[in-house]
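Below is a structure I'd like to ask you about.
Letters A, B, C and D mark the chains as written, and numbering starts fresh at 1 in each.
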Amino acid sequence: MLSLNHFLLLGAVLFSIGLYGALSRRNAVAILMCIELMFNAVNITLVAFARFLAPAATASQSLAPVSTVGQVFTIFVITVAAAEAAVGLAIVLAIYRTRRTISVEDVDLMKW
Amino acid sequence: MNDPIIAIAFFVLAAVLLISALAVVMLRNIVHSALFLALAFVSVAGFYILLNAEFLAAVQILIYAGAVMILLLFAIMLTQRANTPMSNVSNSQAGLAAIVAAAVFVVLAFVLSKTSWLTGAAAVTQPNTEVLGKALFDYYVLPFEIASVLLLVAMIGAIVIARED
Amino acid sequence: MSPGYLTLITFLPLLGAIVTALMPKDNLRAIRLTAAGFAFVALVLSVIVWVQYDTNAAGLQFVEKVPWIPSLGITYFMGVDGLNLPMVVLTTLLTFLAILASWHITLRTKFYFALLLLLEMGIVGVFTSLDLLLFFLFWEVELIPMYLLIIIWGGPRREYAAIKFVLYTIAGSALMLAGILALYFFADANVSGRTFDLLELAKTNYALKYGPVFSSVVFFLLILGFLIKLPSFPFHTWLPDAHVEAPTAVSVILAGVLLKMGGYAIIRINASILPQALHDWAYVLAIMAVISVIYGACTSMVQNDLKKMVAYSSVSHMGYVLLGIAALTPASMNGAVLQMFTHGTITGMLFLLVGVIYDKTHTRLISEFGGLAARMPLYATLFVMGGLASLGLPGMSGFVAEFTVFVGSYLNPNMQLFTIIAAAGIVITAGYIMWMLQRVFFGPLVQKWQHIEDARGIEVVPLVVLVVIIIAVGVYPALVTNVIGGGVAPVMANFTKAGL
Amino acid sequence: MESFSIEYLGLIPLFPLLAFVIIALVTRPLKRLSAYLSILAVFASLLVSAWALYSLVIAFLSHASGEALVKELTVTWFSVGGVALPAGLILDPLTAMMLIVVTIVSFLVQVYSQGYMHDDPGYSKYFAFISLFTTSMLILVMANNFLQLYIGWELVGLCSYLLIGFWYHKPEAAAAAKKAFLTTRLGDLGLLVGILIIYFTTHSFGFAEIEHEIKVGALSGGLLTVAMVCVFLGAVGKSAQFPLHVWLPDAMEGPTPVSALIHAATMVAAGVYLVARTFEMFAASPDQQALLVVAYVGGFTAIFAASMGLVMNDIKKVMAYSTISQLGYMMMGLGVGAYAAGVFHLFNHAFFKALLFLGSGSVIHAVHDQDMRNMGGLGGKLKITFVTMLFASLALAGIPPFSGFWSKDEILAGAFEKDTLLYIIGAVAAFFTAFYIFRAMFMTFTGKYRGAPAHDSHGSAGGHGHDSVHASASPEDELRAKVKEHASGHGEHGIHESPWVMTVPLILLAIPSLLSGLLGSPFMGMAFQSFIEKGAEVHEELNYTVMMSSIAIAVAGILLSSLVYYFKIIPANLISRPLPWLHAFVLNKYAMDDLYGWIVNSVVLGASRAALWFDQYVVDGIVNGVANLVGAAGGALRKVETGQIPNYGLAIFAGAVVISAVLIISGSTL
């Protein structure tokens, strides 16, 4: 039967795949894509937690329903991811304009 | 979660997701990668539905499969020159990256196998868009506003950075 | 509450620096006069302290003690005794003279004088503070103006020299800080709680309590910084570089008082708090001292740059200080302090002299000169007097100090050989001074200096002041020795108490 | 004795000191006034000294003896760390005698200098220095402790330096001054170490206390010998004894009156005075080893320097070597235990050697040359100079009844009793002495003038104004004059006797040259010796053998000299022709200067250069090396920063994995 661990494991696999891609790609846009994959892995995990975990709701005096925490987090992550994608791609474009390449190996001014 | 249909859906979706994710990182043509990424985003939305997060599923489709994908495709289109089939190759540390990624996976898997989660009845068991909306505009209103400012800043920043002088 | 003379002397220059810094930068005359005025008031105050100092009463006087950071046992603790009072007066005196000698500075004048005053504050603070943390603070504060003075107004290799000076000193300070903390944390805290108070720390017998290894390690942590400052062979190489590059006035202060911080600190901290370790390692110090004396003198001999010669001679002369300390007899310790005072005046004078000739000729190379006495009789006379004082001619203060060191050191049977070798230094010293005088002033006048002007006016004033002091102390040493004696006695009492 | 209080002694150096200060600060531009001030001051000192001596002599004649003839006053100069550094005065026969010698010679030399230094631009300075010297010398001889003696000792060294280098624009003078100072300072180091040893054992600087401590055995045995040899080293430097004698001949670069005062009569005798003052301590060393060292060094110096005197052509150099030789004689006298004889010789020598120097000065003043080969026949022109110098030469050669005979003979007698070898050395040296001084006399005053042929002398052109002659060729211009001499010639006509301010001191000095010896002669019951030995009865058996032989030696020396240089029966190059290398070797001062020059240039400077190299490349090299090492390490490490973002990411995650693994394995629940 499906349990929390199924989803977590799925998230872990997805995260690792994304990580591999982010570390091994040359193309800056591809790296950004892989990072999006990793975001999604995290999001799956967060939503799964929201779905399966049941913290002691009564202990908290908060006004917010405990069950929404995971999903709210996910919304913020998506927001940030969208912002990140916009800025990241803008940077890629800027680099491309000045250096005519988007290979991250060619962009190494920040060394030594 | 005891419905076998759901279980089947889970595995099918998982297969689609992982295969498309692998395709994203493996394929050498960045346009293909981007298309598979869109597929991955859609399948993630499927998982959200499985997890009773239908609002998030909608958001996922709208933002990721829609907006972000468009952004990515525009970026590809603006930056891509010749040799598209070899536009997404590995760098010199791909082997090491594979090892590290595997190691990360092992660590994660190990940790989640060792953790006993506190599962229980209070979990989300039915569609809850309304509850989510209330929480967002009530208790989380300040973070929400900050997030909107963040988006605004990101938008302006992106324009400034990408603008041609 | 006492009038707070020491606080005034210490922080008046700071006020002066601030006032100077706030003045309009084009009014050079006002800037100079303001700086000189503040320095002069500090000098007057320190002379008042000197006069009011009761030579018969033992222990510290003019004490000011206020809790500063009570939770850590840090106090604002100042006081003078025979060890530091001469140094304080020396500092205020030489700073004042250095300001006079800087009258012609036109590059960023305001900043320059402000820094000089700031430097004075740091040095006076080092000498007057009796709380280790306060001491350390001033020790570090003094570095910054010195660094800037060298790197802005220095010679062609000023960056190298300034950075070398700062790094070398800071390396020493880092170890010193470790040593201070070791003293702090391992002191007998039962009675009064944790404290940085020097007098309280001296009550702990570290050697007895933690064994000789511990006390030796702490001893070396502390003394390394001081040996660098002194400077003793082999930690001296920053000195010639710094001196050659520094402007005249800064050299005067550097050699005149900054080096004394090292010797003073060894007596004040190492000898007072860790007598056993000093006793155990006296041999090592004595060997370093003797090497400094002979080696410094030999290297002076073959210098062609007047300033470098004087700089290396400082290494040689400060070797006597170290020897006096290492010999650990009351007379030698007195001699060491006396030597610090006299060396301050003599070397200050020599650097001023070199500065005068450098301003006139823009060279310091001995080989460039010759027969200058014919054109500059007054200057030559003053230089000869300075040289004679440096080589320890009786009737001048150098002799009194060196003789006291020799007699005192020889009284320690273990130090007799070292004393004799060090005494041989006076011959070498005479050698390089006389040789230099011969080459610079005597013989036929070199053609290109035919129209050189003799020293006069404000160039002469500081020199004459120093000559008067040198001769006064040389003829009537009790002027200084009476004060010093009261400061050395408690330190030596420590040794007798510890059965050394 | 009652009439003279010991405190008055302090006045004696005070007068010249005041003169020095006033001249230096006030009257420098007023030449005449400065000179008068200086002379007046030393005359005042002379009077007080005479008074002191008179009081002692009165006491002596009333048969006071021993401690009754000694007065002391000690105060603490300053005290530091339990060591009291004393200042003190002593008045005893030795000091009284020295005071008189110093003040008389100083007075006469200053009077003489008025003529000799006439028109020198540094006239005031000269008198200031002489005053300072007189002060220092007086401080030295009236010290009752080592410390004060050492102070005076160094100060006279300084004055010697200043006066040798008085004409500082001459490179030779500047070099000679430096050499004198450094050579004596080397000896001073020995004295200093000696003082340290003595203080360490006896805890005293005072002579009387130290003698007492030695008697009770606080300092004895080998250490005492070492200490006294160290002290003697100081005397070796100051009195120009072998091997530190090299500075004295060079010191002749100074003005001649200075040579007379400092380098003949007073300062160089300070070494002898020191040994005499501490004679008891020397004598207390086991088997009198310390005295033996003194005797042999002195004896060797006596003959060694005399042999060089034989060949020198510069009249002042002859005098210089003669001085060294005579000082060696005094040392030898002290060394063989003839204490009073040594001091007596010092006393006599001070007058006749000062006279010889002043006379030479007069000659040089007249002919503007120092080379005796360019002189000759001057006896007729410079009558006073000639006669007075003849007195002094006879005294030096040791012809009775001139003063030198009595003391020299007594030293030889002492040596004869003590050590035959020393006696032989002394006798040979005496022969040399007689020979070389008369060689100098004959070459200078007899025969024909060998200077450049007569010319229309520029000197007489200026009329009879001696002053103007002297002005143009005042000793300040010796060097230039010498050059001019060879070019234009000076001529016999320009030679005149010196003015009265110069001749009067010569005459005044000729009197003691003739008579001072009689004070210690058997005719006066060896009064001098008895006085110096504080009233002890001196019964010396007259050793007629020694006396006769020494007269014979002196006469023989003079005779031989006359045969060679007056009658010219024996060619002067009798020895130098077959043995040119020997002559050259001696003329080259036994190559000692070369040796020392080599030591200084090669060894000392070489070692110094090595030290500097070591400093720059090893010590500083290590410092810079450490700095470079840190820099290099940084340089190597910064290569890690590739600028490749994937590298950084890889490292971040690898690090995260490692940290996680560690935490997991260690079982932490972080």
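Everything that follows uses one rule, which is that a residue touches a chain if its C-beta (ideal position, glycine included) is under 8 Å from a C-beta of that chain, and two chains touch if they have at least 3 such contacts.
Source: prediction; values computed, not measured.
Looking at A-B and B-D side by side, the one with more C-beta contacts is A-B. Each chain gets a centre from the mean of its Cα atoms; for subunit A and subunit C, those two points are 64 Å apart. Inter-chain centre distance (subunit B to subunit C, centres taken as mean C-alpha positions): 71 Å.
The geometric centre of subunit A is 6 Å away from that of subunit B, both derived from CA atoms. Subunit B and subunit D, compared by their mean Cα positions, are separated by 104 Å.
Within subunit D, the positions touching two or more other chains are listed as 646, 650, 653. Residue positions of subunit A touching 2 or more other chains, listed in rising order: 19, 23-25, 104-105. Chain pairs that touch, as defined above: A-B, A-D, B-D, C-D.
The touching residues of subunit B, when paired with subunit D in their complex, are 91, 93, 96-97, 100-101, 103-104, 107, 110-111. Residues of subunit D touching subunit C in their complex: 77-83, 85, 147, 150-152, 154-155, 158, 161, 165, 168-171, 173-175, 177-178, 181-182, 185-186, 188-189, 192-193, 196-197, 199-200, 604-605, 607-609, 611-612, 615, 619-620, 622-623, 627. The touching residues of subunit A, counted against subunit B in their complex, run 1-10, 12-21, 23-27, 29-30, 32-34, 36-37, 40, 43-44, 47-48, 50-55, 57, 62-68, 71-72, 74-76, 78-87, 89-94, 96-97, 102, 104-105. Across the complex, subunit D is touched by residues 19, 22-25, 31, 104-105, 107-112 of subunit A. Looking at the complex, you find that subunit D touches subunit A at residues 638-639, 641-646, 649-650, 653.
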